[in-house]
Structure formats: C-alpha cells, structure tokens
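What follows is a set of structures for review.
Here come two complexes built around subunit A, the first alongside subunit B, the second alongside subunit C.
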Partner chain A sequence: MAEFELDCLGEACPVPLMKTEKKMAGLKSGDTLIVHIDHSCAMKNVPEWARKQGHNVEVEEVGDGEWDVIIEKC
Partner chain B sequence: MAKTVEHYDVVVIGGGAAGLTAGIYCGRARLKTLIIEKALVGGLATYTNEMENYPGFPEGSTGLGLMELFHRQAKKFGVQFKLTDVKAVRLEGEDKVVETFRNEFHCKAVILATGGKPRLTGAPNEDKYLYDKGISFCATCDAAANTDKTVLVIGSGDAAIEEGMFLTKFAKKVIVSVLHDEGIMDCNEIAKGEALKNPKMEFLWNTTVHEFRGGEEHLRSVALKNSKTGEILDVPVDTCFIFIGYLPNTELFRGMVDMTRGGYILTNERMETRIPGVFAAGDVREKFLRQVATAVGDGAIAGYAAEKYIAESEMFESQVMGESPRIVYVYNAASAGDRELLGAMEQYEQCRCDLKLIKADVYKSNGIAQRLNVSETPCVVYIRDGEVVGSVACDRICPENIDALRRT
Partner chain C sequence: MKQFFDKISKNRYYAMVFKNPFTYVTGAVLLSLFQIALFAYSGNPWGVSGAFANWGAWIYRLFGGNVDKWYYFSSSGAQQTLDAGVLNNSGSLMNFGIAAGALLAALLASQFKFKKIKSVKQVVAAVLGGLLMGYGARLAGGCNIGALFSSIASLSLSGWVFALFLLVGAFIGSKLLAKFFL
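And then the complex of A and B:
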C-alpha cells in the first residue's frame, strides 16, 4: 500500500487526466495517488473519471484554487 | 491503513443548499463545522441553469452561481470542506462518527443533508440530455421556458399529472406517456379526471421510453415504444419531463433513523430525527415542496437546532450533572403555577447551604427535561454524585417530599 504523488500544477485539461490515467495503470490495488492540480476543470474531470473506475476519491482544497485529488486504487 | 481521526462539533453530510445553509448557521455560531460533499459543492441546484424563483435575485441567477455564493459564505464563517464519499456512520450516543475512506470524523451533532436524485428511465442517450439539454425533472423550474412549446411528460403518478397540468398553463401541448392501458393512471382520481378533461393534454397509453434522440446540443424527440404492439413512435418535443419517482440518498442511514417507505427521513419541525443530536434537512426529508428556498429554511433550522443541542449537552454535563448534591427545578415559564413555585424553590435552596438549585425552563427548549426523563412540569429532580436519585412532580412538590428524596 504505497503512496505516490503526481504534480500537475500549471497544467490545463486534459493533461492532468491523461497523466492520472497513465499513473494509475501502474499502481496496485490499495495504493494511493495524490494528484496536485490548480486547474478547476481538472478538479472536476479527474475525480469523475476516478469514481467511474470505482476508486475511492477525496478532493482537498489545499489553497485558493489549488487542490489535491487523493485516489485509492480499487 | 489506519484512518486519521479528527474532531468537530458538527459534521454536515451533503453540500447542497440545505447542507451549506446549515453550515453557515453552525459556522456563524462558532462551532467547528465540517461539510462533506461527494461530488460538487452546490448539489442538485447546480444542474439548474435558470434560478428564477429564489428570492433576492430579481434578474434571476444560475444554480451554479447561486451555490457558489452559498459556498463562499460558508467558508467565510470558517466552515471546512471535504470532497469525498461518506462510507459509514455511527449516529447513536454522544460521540458520533462519520467515516470516509481516509478519515474518521468524531462529532457531537450530525446533519443529514444528502438530498436525492430523480429516478431515470435508463433509456439510451438519457445521460446526454439531462437537465439543461432537454430532459427536466422540475416543472416549477422549467415551465416558463416552454411557453407555447410542445412537451412530453413521462409517468402518470400524482407528480406527473399535477406537474403536467401546471405545464398546460405555459406549453402549447402536453403529451403524457403512460405505461398502463387506456384510462389507467397511478395518480389520484381527482387529478385523473381533471387531466382527462384538459384540452391541452394528450395521452399515449401503453408506452415506455425507447430512446432519446437529438443533436449534440439539445434533445429533439423521444422515441416511445408501445408495450402491446412493439411499435416505435417518434415524438418531437422541446422538453421531456420525467416524473417517475425520486430517490433519496439514505441507504447509509437505513435502520438508524426513521424513514418513509420511499426512504425519506422523518423529522419534526425542528429537523430532529429519532436520534438525539442527529438532524436532517433539505430534499432528503419527507416534505411538501423540494426547492432551494425550502432547503435553505430546513438548513437554517437544523444548524440552529444543532447549536442548541450542543449547548444543552455542555450545560447538562457541566451544570446539571455534578458531584455536589443539587436539585433541578424543571418548569414551564409560560405557566403561572410553575412560576409561582419558582420562588418557593429559591427559598428552599437558601435555607440549605449544602444544596444547589438549577432551573431548567422547558418553554424555550425541553432538551434538559428529556435528558432527565421528565415529561410533565413542574418537576423537581434530585441529583447526587452525578446521578439522578429521584424526582417529585406536580402536587407532590413540597419541602417535606424533597427532604425525603435527599435522605434516600
């Protein structure tokens, strides 16, 4: 159950989602990925995609307009 | 992985209009408040483009815009937000627990504002045209936009027929797709009679939705299938209204709080559920009208009630239940008899220096009385070493009887 991070700060859609998809594919069940984003569109589509896959998702607003999307692989 | 434990005064489950309003009231009352939202803050209202009924916005507002204002206001009062799913709750007892996949939130009061969602038909392309794109679930919201247009109503229950009749005041034609044989509808007989007489209403019997059709932008027609003949009928419409039921998000609370058969949470007018310290607000409640305006009212009451509940719990722990001997006079300030006895109680205390008198007025709130299991006033409860020893009520209240209680 390892924890990984993905820095997508400054990146616009659909880059954060594509990077997240790629990174998640390499993770094991129970592993956690924390994606750092500051693009409000990614704040919507990354969690939406992850939920559809059945992963556990949590979004945390770490600063004004800056979010951490925490995804636990199912 | 062990879950991180955090402590709050109030946890609100659901960040829609009701939850945000409850949060605003709790935050303003300086309670440490957390709102947990599983998708986007703003809830169902964010799916409505035009918000015309909500007071205070004569130029109208968008659902998303209005909810952003709610969100900002809650943040201003220090309300914390977590955007994730609630996995489990433990509501009984004083320490309540709300679990998400990474955290365990302990709190004194919980407000259930999980809302609900309209039931869908499940027909192909339905998801493409939801809300602003041609499929609506709210005649109150979208009737005016359909002035002189043709609309289709799916369903024949009370909501479908009543909303359908309301739509006839705006639309040119209201076509109703009914699952049953000709003349059979799920609504009440009065509504049925009125609807059948309405010249603007047209009924398509034995039909179900086969497919939603249209371009990228908007719904153009609905293909209905005749369940008897199998025939497909393409009905061109401007908007399709689906009224085949509403599903409250209450699976997590099943068996804990009281619900209707449909899963709506039952509360009293103070938004209290069966469990002390657990409140419900907004669309998730069994109620008459589900709108942002009514959700806001619910949220305000639930937030206020939660604050009162917490204050009362604290007062109960710190003042009512204590080690030194004390008597609690439970009375109703609105009753002349109860008020008269108040003076006598004060005198009684003055003559006994080892005894403390606590006055609990049920007129404002009966929380303390409930915790002491007192159902009628006036009543005197004797407490020693943090435990209730006994009580005397009504006509039996006199110095001799209280003295007797203290000797036990």
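And then the complex of A and C:
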C-alpha cells in the first residue's frame, strides 16, 4: 500500500497521460499514485484512462488551475 | 464580495457552463454551429494559420522589409490584404478573439495560472515544433482548421487526405515525444 507521486506541473498533453501510464505499470495492486497537473486537458484524459483501466480515481482541485489526480491501482 | 463569489462558485449552472469541461460532443456541435455562422457571415471558411503568415509579413514590413516579390504574397488579393492592415483582416481578428476568449474562459473557470517552464528541452521542443507546424501549414495551404475542419465541412476530398497524413505525423510525433520526454 505504498504511495507515489508524479510531478507533471508545467507539462502539456499528452505527456502527463504518457507518464502516468508508465508509472502505473510499475505499481502494485493497492498502491496509490498522486499525479500533480496544471493542464486542464490532462484533468480530463488522465482520470478517463485510469477509470477505463478499472482503477479508483479521485480528482481534487488544489488551487487555481491546479489539480491532483489520485489513482489507486486495482 | 467574497460571500458573493463563494455563492456563485457553488451554483450548479455556473459549474455546468463555466467550470466543468464540455463533453466532446457539446464542443463538436458548438464548433459546427459557429463555423456555419462564420461562413454565412463572412463568405470564407474558418482558418487560423493563414493570418500568421500575414503577421510575419507585417512585422517584416515594420522593419523596412518588402514582401511584394515573394511568391506567397504575389497575388493582388494577398497584397490587398496586407495593405488593408491587421484591423481589417478578419482572420487576424478571429485569432485575437480566440486568445481573448480562451483567457476569459480560464478566468471564468478560475483556472488561470502562470505555468513554469520545466526544462530547456521543453523550450527547444516548443520552438522547433512551432516552426515545423507553421512551415508545414503554409506548405499544405492550411492547418488543422483551414485544411482539415473547414475542408471536410465543405465536403472537399482534400480534407480527408490532410487527415490521413495528419495521423501519420501524429504517429511519428508521439514516437518522438515518448523517446525524448518519458
């Protein structure tokens, strides 16, 4: 049940999604990944991809134009 | 004042219209309606990158350059557009509108942010990518708006040819992206 973080601040699509996919591949079931993003498209496509994979996803608006996507690997 | 904004930010119509992103279908329908309205009003299909070439020519003229002999600007129509100036160029005005509208949308959603530049690599990729896209769009006679969106909407085969090669370019681009940015 480890927790990981991925800093994608300042990065535009599709880099946050590609980085998330790569990072998630290395996680174990039950692990959590927190992706920091400030690109509004990534706020749509990262959760969309993760939900399609069957992971638990939560999006939190942490500031103006800044989000944390919290993904729990299934 | 703060109370007022707190109240608005909890309003569900505010969330629906300004805060939450539209679905792809909503966006597509709105784009279609607006481009039909634009075509009906101005008589020209929507384009974006054509105006950038004019901006280049105007900047070059500011510094005393002359583009009259350049093949790209040699037609009398192109010369007329350049002589009329930026404020009489509908393509330029629409591009200003896009920038102003995007800023307004970000502000209304309370999502405006100055983003940090992550690395020199990012700057190099952005500049190189921008140059390639601009150059390619002029060679192709349009970008993904003029040569793809407006062409397909006008039932022109060229839009589909453009789409095919756009996919080829996107495939190569994503391979390069994965190689240099992951």
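The criterion applied here is as follows: the second predicted complex is superposed on the first by the 74 of 74 C-alpha atoms of A that agree within 3 Å, B and C clash if a C-alpha of one lies under 4 Å from a C-alpha of the other, contacts with A are read in each partner's own complex, and residues count from 1 in each chain.
Here is the rule we go by: a contact is a pair of C-beta atoms (placed from the backbone, for glycine too) under 8 Å apart; a residue touches a chain by one contact, two chains touch by 3 or more.
Small disclaimer: the values here were computed from a predicted structure and weren't measured.
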Partner chain in contact with A:M1 - subunit B first, subunit C second, else both or neither: first
First, second, both or neither for A:E72, with subunit B first and subunit C second: first
Greater residue coverage of subunit A in the superposed arrangement, subunit B or subunit C: C
Which of subunit B and subunit C A:K22 touches, first, second, both or neither: second
Contacts of A:K44 with subunit B and subunit C, given as first, second, both or neither: both
First (subunit B), second (subunit C), both or neither touched by A:Q53: neither
Doubly contacted residues of subunit A, that is, touched by subunit B and again by subunit C: 44
Subunit C - residues contacting subunit A, complex: 21, 106, 110-113, 115-118, 122, 174, 177-178, 181-182
Residue ranges of subunit A in contact with subunit C within the complex: 9-11, 14-15, 18-19, 22, 38-40, 43-44, 63-66
Subunit A residues within the subunit B interface of the complex: 1, 32, 44, 47, 56-61, 70, 72
Residue ranges of subunit B in contact with subunit A within the complex: 1, 39-40, 81-85, 100-102
